[in-house]
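Have a look at the structure below before the remarks.
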């Protein structure tokens, strides 16, 4: 059995400590809140230490930090079932009580059970979820290709319409800020396509001039994107990163504990 | 990427590196071994490289030896530096690599920790550039052999000292500010429009008897913006509990869903209204970004919430959700720290928390000393960033071009 | 006037949706052929492939997924057509994990169907998809068969006539990476840097800016930036080859030229509506001010 | 390509149309499609998670090389611990799994912020104003003013005086240029998505249907 130092430490911190905490939690209710925060401290400090300590037990390929990463991918995999349980609970309740729209819950649950079912079958049977040895698609892939992906792409494509309606409504010269937003938006939009050439198309003599202006507009667009836009993005990123860092430190130190349902602050 | 050392002249002093090298040197001083035999015989017209040093690459996880040398003057254009190594006491040289002139360094990442190696380099000039010519036929200059050297993993990543100092400094500022705030120092916090609007929006929902929709982004709890959103959700849920307004929190991520439910439940408990809390308030939709978007957009159209909160980490769906919500006439408050989706929120929502405002929100809403102290610390850090930046522009303009490299991280 | 302005400002957004829909459908069905001026980076790519001798080898890597297909497909197809007309051998691979292979297969099937005399294995080869783009590219620098032991049809590379003289990227005359995301950069930083193979990139418009630095540094021989770049390339092809001019003028299939028509029309619609909205807004405000002053 | 659209193409085309119908108004066909999409997508991730996360990361390592991977039993148990919340009495136990998950990733996130964002962005803003021509200097100056004025806008704990209010105002202008430009820049990519969908409908479905190749 692999009993490397890093691995055993992980097990002690994140298996033995929680087990101990749970056992004691039955007798000392205060530990039910404190225990998880204590364990969280170690989980949070590992990646930070690993950034600065290249020692192999911590940061090597099979060290504590990468290994913990692999662990938590598995935990996240289990978490999906949390959501599924909720969806099935809500759906069956609607159907049982014949609530408004219960039929659509039947549709939803059918889609879930069929697709999930063939996915589980792919795992159990060992045929997987991509293609069969003879090159044909598995049932899972067939559903994904003809139901899932087209719907995904279509909802994504709705954005083309919403970009237009949002621009029409929002880009109004109400005040200085809105006017700046409007001007930058129109300039960049015009610079992305051969707009001036298009407008000059019926007038051949001015076409070369339009082509030149179009390229100048393209350059201006690039400048806007790189200089003022780049600067504002840098500013947002620096500020947000400091806010995030302070939140991260508070959370690791157990000061921020709302995410566990333990109320805010202290 | 570990090749950052190639920018060596432009970086902060690596005081650890020479120290370690010295240590190694003492540990592995040449054990009076006879200089190893090398073949084929040296070709006198090719000059040998000088100042050849092999040492453990410092600040890394081991398994790497750093070789440095100086190219001899008058190196022919097509010449290369051949690198070979052996494990003493055996002297069977194996080829490691060849380096082009001008590089003057090589990292052997095939070394094994704890194994002692000796390296040899020499100049070689392939007679004909034709590929496939036997390497034995290439004339080579006299070899230069290194002292024995072994690699090991290190305790400190010296090349990250700048970020280490910055992080430590920030931690210090944060802890001092928090303790000052806790000891009763009054801290001002400026008005943030989007946050004042939260109570107004919930109030309106109460008046017209419609529900409040809160979407905590589509990311999991591995993202700090989600944590910040969950904390704002706690505030919103306390308000809906107080007013007896209905709340709906659809989720895309299952872990965020679990956490959001705990937070809402505890908010209703804190307000003394556990009777008003229903499990379905916080519900799970689906794990797909766009299926989630379709379902939540449809819910907006069908149930017409009076207030819509889109706070957390959103991607392309931001505009679909916000534009649909806008068409229902709801008051919309959005918030995101990452800049990519902000343009769409700004265009479609009544109020948008921009960037760091998302993180300042909890402090603003609760006025808790700890959180106010954190906001203070963030402001101090920003002031330092601005001062370092302005000083940097002045100094680099005066010719101190190494200055920006102090902040480059690897 | 004011009431008309009010009506405009309160316009049902579904009219706008309808216009956007028509604006995209029309060019797909009836191409307009709006003028496009060619940029230097596209011309450089075109001329580089024009200068290759018949029997040279071009590697086309499909490094994008379905969401950027309208931008990226026409690039790969335009270059493929040029190669086939000039009797240049084409090697195809796909490195994008989600849907890259399917895109490559469809696109290759479409273009090869236009050239009935082509022989698979003699004129072109499709290597299929491999996971782990950076490592695959690195391996191809030494040994293409090491990265792709068999082609997409299951034939070992050693049995494919075209691959007899193409053992590594060193024997490839130019690589075209049609890319979204990071994979395009791998071709520059790994393939070009290590084996010196010239690289042409076809990024999406959003990804294009970061490649200008590589272009200026001479690490790229050319670039087709976004759908516009692809449309420029189609224009260059049509100008040089009458048969392609006929093809691009008559095909039912999607081309970048049609795409740019749609893009330009939609951008014009949005800009015009923003302007209309502002005029209506101003006139209403003026009317309100007048009413207030009275 | 088959001359007559096959059943898969028909399904995809009809679902595409049904999803687009939401633009006109909410309707039962859209509601059917949206519910189906929610169900299928969740089922899809069941298949993906099982086959691409749990099988290769948990089951395969445990069954193939237990001695090297025995520790993976712990995340399995932590995963199961998450479900304790469905039992009211033991709900608090699931906090351990949640706390470890959240704290690890937040720690990881922390390493990306100061190390990966604050310092590099600061380095980027520091541009010498002496080396290049007047044109470049002006642009570098614009960039630096943009970064620092936006940062000043984000000062929360200090009441703004006359100067900082003006600087913060400049910061807001920069933010507005950025938002407007980014909006305009994105239109093209979104239209490309729509082109992709309509290409599918017209070229793969309608044309074969009416016999145009």
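Letters A, B, C and D mark the chains in the order given here, with residues in each chain numbered from 1 onward.
One rule holds for everything that comes next: a contact is a pair of C-beta atoms (placed from the backbone, for glycine too) under 8 Å apart; a residue touches a chain by one contact, two chains touch by 3 or more.
Owing to the predicted nature of the structure, the values given are computational and were not obtained by experimental measurement.
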Each chain counted as touching chain A and chain B at once: D
Which two chains share the largest set of C-beta contact pairs: A-D
Centroid distance [mean C-alpha coordinates] between chain D and chain C, Å: 24
Chain A and chain C: spacing of chain centres that average the CA atoms, whole Å: 27
Euclidean distance of C-alpha centroids - chain B vs chain C, Å: 32
Inter-chain centre distance, chain B versus chain D - centres from mean C-alpha coordinates, in Å: 17
Contacts with two or more other chains, residues of chain C listed in rising order: 13, 17, 20, 24, 66-67, 205, 263, 266-267, 270
Sequence positions of chain A contacting 2 or more other chains: 48, 51, 76, 79-84, 87, 148-149, 151-153, 155-156, 158-161, 163, 165, 167, 169, 171, 181-182, 185-186, 189, 192-193, 225, 232-233, 235-239, 242, 244-245, 247-249, 251, 259-261
Multi-chain contact residues (two or more partners), chain B: 160, 163, 167, 170, 220-221, 224, 227, 255, 258-259, 262, 285-288, 290-291, 294, 339, 342, 344, 346-347, 354-356, 360, 378, 382, 385
Touch-based graph of the chains, sorted into line, ring, star, complete or other: other
Contacting chain pairs - touch in the sense defined above: A-B, A-C, A-D, B-D, C-D
List of chain D residues in touch with chain C within their complex: 1, 23-24, 185-189, 191-196, 198-199, 202-203, 207, 212-213
Residues of chain D touching chain B in the complex: 19, 22, 25-26, 30-31, 34-35, 37-42, 44-45, 82, 85, 94, 98, 101-102, 105-106, 108-110, 114-116, 118-120, 122-123, 125-130, 144, 147-148, 151-152, 154-160, 175, 178-180, 182-183, 186
Chain C residues touching chain A - in the complex, by the definition given at the top: 11, 13, 16-17, 19-21, 24, 34-37, 39, 66-67, 99, 205, 209, 228, 260, 263-264, 266-271, 273-274, 277-278, 281-282
Residues on chain D engaged by chain A in the complex (per definition of touch): 8-9, 11-13, 15-16, 19-20, 22-23, 31-33, 35-51, 53-55, 57-58, 67-72, 74-83, 85-86, 92-93, 95-111, 113-115, 117-118, 121-122, 124-125, 139, 142-151, 153-154, 171-188, 190-191, 193-194, 196-197, 200
Chain D-touching residues of chain C, taken from the complex the two chains share: 14, 17, 20, 24-25, 28-29, 66-71, 109-110, 204-206, 226-227, 252-254, 259, 262-263, 266-267, 270
